[in-house]
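One chain, subunit A, links the two complexes that follow: it is found with subunit B in the first and with subunit C in the second.
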Partner chain A sequence: MAELAIENVTKRFGETEVLKGVSLTIADGEFVSLVGPSGCGKSTLLRLIAGLETQTSGTIRLAGQDVAGLRAADRDLSMVFQSYALYPHLSVRDNIAVPLRMRRLNGRQRLPVVGRFLPGAGGAERQLMGDVEHAATTLEIDHLLDRKPGQLSGGQRQRVALARALVRDPAAFLLDEPLSNLDAKLRIQTRVEIAELHRRLGATFVYVTHDQVEAMTMSSRIAVMMGGKILQCAAPEEIYENPADIQVAEFIGAPKINILPVDVTSDGHVGLLGRQLPLRLAQPETGARIGFRPQALRLSGADAGLTGVVAHTENLGSEVFAQVSVPGLENRVVMRADPAQRAALHLGATVGVDVDCTAALLFDGKGQRIRNVSVKTTPELAGAL
Partner chain B sequence: MTHDWWKHLILTLGALIVIAPFYMMVSYSFKSPGEIDRGEGGFFGRQELMVDERCVQLRDPNRDEITTARTRFPNQTDRQIHTAMVAEATVDCSMRPVVFNYSKAFTEAPLLRYLLNGVIVTASIFFIQVLVAVPAAYALAKLKFWGREAVFSLVLFCLLIPVHAIALPLYIMLAKLGLTNTYAALVVPWTISVFGIFLMRQFFMTVPDDLIDAARMDGMGEFAIVWRVMLPTAIPALLAFAIFSIVAHWNDYFWPRIVVTGNRDLFTPPLGLREFKGDGDGSFFGPMMATATVIVMPLIVAFLLAQKRFIEGITLSGMK
Partner chain C sequence: MAELTSTLAKPQSGEQDAARRQRRAAWALTLPAVLLMGVILLVPVAVAAVLSFTDFSLGNDSFNWVGFKNYDRLFTRSTYAKMFVATFTYVVTVVPISVGLGLGAALLIQSITHLREVYKTIYFLPVMATLLAMAIAWEFMLHPSIGMINRTLELGCGTVLEHIWPFMANGCVQGFPVWLGDKRYAIWVISFIGIWQGFGFNMVLYLAGLTGVHRELYHAAEMDGAKSGWERFRLVTWPALGPTTVFVVTISCIRAFQVFDTVEAFWPQGGGPNKSTYVMMFAIFEKGVQQNLIGAGASITVMFLVFVMILTLIQRWLVERKVHYG
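Moving on to the complex of A and B:
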């Protein structure tokens, strides 16, 4: 158990700078997800923490100690890989036992055949097997201990990889997209199990994923990475409701947030498609954009703020998402609706869309969030939309 | 299938051409010298009793033996006794050609000793080759270091050098070190197999990096990774290499002939065949072929046992 502090870490591979100064502090027992599109540097960051790569500059501290120059083996961290990386020639039991054997037995005791007859080896081996059984029971794979990885399903392999990681009680767990090779159903189930495992162990988890749902559902904090930088690191609700950057807003949330261009007058009034919104900025902005989550849009009459034609609907059973193409907007607007409204949302229907301006997110020309927004809820302006 | 008949015809012809010498070898090892000379008797020969002339000559009784044999042949002249004893010897020295050939193979030369030498030499060569090739291949496939590509190019370059081109310098070096006529001379020049390094490197390239990283996380050092992770996963490639290496060095005639000049105790099985060269005193094709059959037998047995793995290995390496 330990705090993990990353300070201003950069990493170059030849000419390409993969990490451009990343700082992140992970408290003891926290579950932090590193999330971002592929190539954003999240896996590289995890490998730096693990000690499998060396940073170009910056420091990584584990429990206050600088781990520069410390081999992966000596960092007391466990890692679960996307491909599980089980030793194909060893049984499940031996796979889980490897990290214990490498740490608790000395070189001579690890020798094949002869090793187990050396003094101390028998006792250590028995104790170690007890720990292996315990880890296997925790993950409910105790009935698979004598099989080879090749005889296991993807989900079972995944559990073996987890058992191998947790058997030696490390300072922190590093998980590199551990669910991405599982089918959708199993992924949801394992997601819950990993989150429960984290609660039970109370250990530090660093979890890399490109799937924002995994990050949202499991983490105590999410670090959204893009282009080698952490754009925002906060609790899932905060990331979702209060994104600091337009890229964060676009990445988190499914379906994606609607981003629409707005005009800001010199006195800070915000206008969308020529209509004034009940929003006012402290100062004028050029190239500002407004973001509405699909649930901030409501189906309404034809005289609503946005009017368009239903181009596509997605019925998820409990809710319906309608893509509406609005004249004057480049992208379709995605709106959440109740299944009861399905009849009004048939393809080609002209619908009006109301927006909830209290839930609007405003971004400046560089994509930074504009925090200083005042919402007027005067009746006449509310009626205008 | 029917329009593929010509492919099968070509393959069958090829197989026959390859098998023909083996057929001759095994067939000759069954036949009497007369049948071999006249080319008759089918595959097994007629297996008529034949007399080993040399055996009879060796037992030709001298005066003392005739004197001591007088009690067994009472009331006979020495000449009669001599004739009787030669007749006895002829009966004792009569045997089926197959028995003659195979017993000669083992008695004429210390064939078991040669086989043992063959085992010692091929096993040592293979063992040291693995000891060198596996870590080298791991480094070339999975470790990043300055000049790796250059080193690998050198390995590839070494594949192009024929053994015969460097035989003489090698021999001189060994001679200067006083190592000719030792096991070391038979083993040392082969301990670094560039083919082995290349084959294992190509296999290691296919091992996912995650597996190695997982081993590092689990606390293994690089050498532990080589022996505990890479080697066990590379068993198919290693078996393929084992067969190439063992076949090549078990059957090697050229190199042992060069470095083992006098000491028959160091002869490897192929050198043993020279015992039946039969310079002046006629040919010994039967025992020679029997010896050859005995020599190839371990390889054939090993091949049959490892056949499946061997074919896997060839498809895996896709070469040679």
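Moving on to the complex of A and C:
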């Protein structure tokens, strides 16, 4: 168990700078997800923490100690790989035992056949087999111990990889997209199990994923990475409700947030498609944009502020998402509706859409969040849109 | 009732007809391949097996059945004892060393970033060269008085090497070995040339095998605490190369059993000094072709086939049981 501190870390591969100064502190026992699109540097950051790569500059501290120059094997970290990386020739039992054998037995005791007869080897072997079985029981794979990885399903291999990671009680767990090779149903189930495992072990988890749903459902904090930088690192609710950057807002949340261009008058009033919104900024802004989550939009009568044609609907059973083409807007607006409203949302129907301006997120021309927004909830203005 | 059975039987017989037609078509389509295989592979083997029980010579109108006499000679005559000794010495020397060197060269080439292609080409050159032509070059190099090897060794005379290396001391006094004319050295010389010529091929096979080793396994091994290259080799590389190794060893064994060109080039008349390099292929050639003793030649051929068959069976067993991870 240990705190992990990353300070100003950069990494270059030749000419390309993959990480452009990343700082992140992960407290003991925290579950932090590094999330971002592919190529954002999240896996590279994880491999720097693991010690499989060396950073170009910056420091990484584990429990207050700078780990520069410390090999991956000496960092007391466990890693679960995307491909699981199980040794194909070893049984599940031996796969899980590898990290223990490497650490508890010396070179001679690890020799095949003769090794186990050397002094001390028998006792150590019995003890580590006990630990292996304990880890296997924790992950409910104790009935698979004698099989080879080739005889296991994807989900079972994943559990073996987890068991191999937790068997030696490391300072922190590093997980590199461990669910991406599982099918959708198993992924949801394993998601819950990994979150529960984290609660039970109370260990530090660093979890890399490109799937924002995984990050949202499992983490204590999410670090959203893009272009080699951490754009925002906060609790999932905070990231979702209060994104600091337009890219974060667009990456987190499914369906994607609606981003619409707005006009800001010289006195800070915000207008959308020529209509004034009950929002006011402290200062004028050019190129400002407004973001609405799909649930901030409501179906309303034909006299509403946004009127458009239903271009596509997605019925998820418990809710319906409708894509509405609004004249004057480049992208379709996605709106959440109740299944009861499905009849009104048939394709080609002209619908009115109301927006909840209290849930609006405003961004400046550079994509940074504008925090200083006042909302007027006077009835006549709210009715305007 | 009769109607009922006939209606029931009809589709059934139709199905049977279809199945029969399909079988017939299948046989017809495979017939050319089966015929070819029989004519060019199985029949010659069978003929050789039959001839090994006769005293047939090419040109004779008839032959006598001699029973197991040819085989009896194989196991009683000292010439054949020398043949087995030479063949097995060659195989047991060349196979492990050329496999080991092939693996070592492949690992070294894999580990470097520059000049990979250059090294690959250099090591692969002897494989591409004609061994018969190379044998002539080696013959010059190994010449006892004007050869490069003994000339080089002579340079060591009078240096410290003479005091620490008995072979050198001996050579400086009595002259360096007549490599190709001395029964103590001849088999080792052709073994050396066999290794020199063969390990590049094994290296290429191992290089292909190494590309199939998953990179993440090395990272997993590193995380699991395998710090030294040797530990990672034992945990990841060597097991992953299992199927390649079985193939490489089998191929090397068969090639080693087939050694012929060097022996024929160095000693066209009779298998080296005191028959010390009288390998099986050369014996087959000598008996069957040079001396026209087809029966005796055939019996050695059958022995040769038995050895290769055993090797192939071992390989199949290993591939199916031991090294297949799925």
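FYI, the second predicted complex is superposed on the first by the 385 of 385 C-alpha atoms of A that agree within 3 Å, B and C clash if a C-alpha of one lies under 4 Å from a C-alpha of the other, contacts with A are read in each partner's own complex, and residues count from 1 in each chain.
Following the convention adopted for this analysis, contacts are C-beta pairs under 8 Å (C-beta built on N, C-alpha and C of every residue); 3 or more make two chains touch, one makes a residue touch a chain.
What you are looking at is a predicted structure, and each value in this text was computed from that prediction instead of being measured.
Student: Quick one: on subunit A, after the overlay, do subunit B and subunit C clash, or do they fit? Just give me the call.
Tutor: Pair status: clash.
Student: Does the superposition put A:Q151 against subunit B (first), subunit C (second), both, or neither?
Tutor: Only subunit C is touched by A:Q151; subunit B is not.
Student: Please work out whether A:A72 is in contact with subunit B alone, subunit C alone, both, or neither, and reply first, second, both or neither.
Tutor: A:A72 contacts both subunit B and subunit C.
Student: Now for A:I188: first (subunit B), second (subunit C), both, or neither, which partner does it touch?
Tutor: neither
Student: Which partner does A:L273 contact after superposing on A: first (subunit B), second (subunit C), both, neither?
Tutor: neither
Student: In the superposed arrangement, does A:H89 touch subunit B (first), subunit C (second), both or neither?
Tutor: In the superposition, A:H89 contacts both subunit B and subunit C.
Student: Residue by residue on subunit A, keep only those touching subunit B in one complex and subunit C in the other, then list them.
Tutor: 47, 50-52, 71-73, 77-79, 81-83, 85-90, 98-99, 102-103, 164
Student: For a test of understanding, state which residues of subunit B touch subunit A in their complex under the given definition.
Tutor: 208, 210-211, 213-221, 224, 229, 232-233, 235
Student: Considering only the defined contacts, which subunit A positions touch subunit C in the complex?
Tutor: 47, 50-52, 71-74, 77-79, 81-83, 85-90, 98-99, 102-103, 148-151, 164
Student: For subunit C, which residues count as touching subunit A in their complex?
Tutor: 214, 216-217, 219-227, 231, 235-236, 239-240, 242, 325-326
Student: Considering only the defined contacts, which subunit A positions touch subunit B in the complex?
Tutor: Result: residues 47, 50-52, 71-73, 77-79, 81-83, 85-90, 98-99, 102-103, 164 of subunit A touch subunit B.
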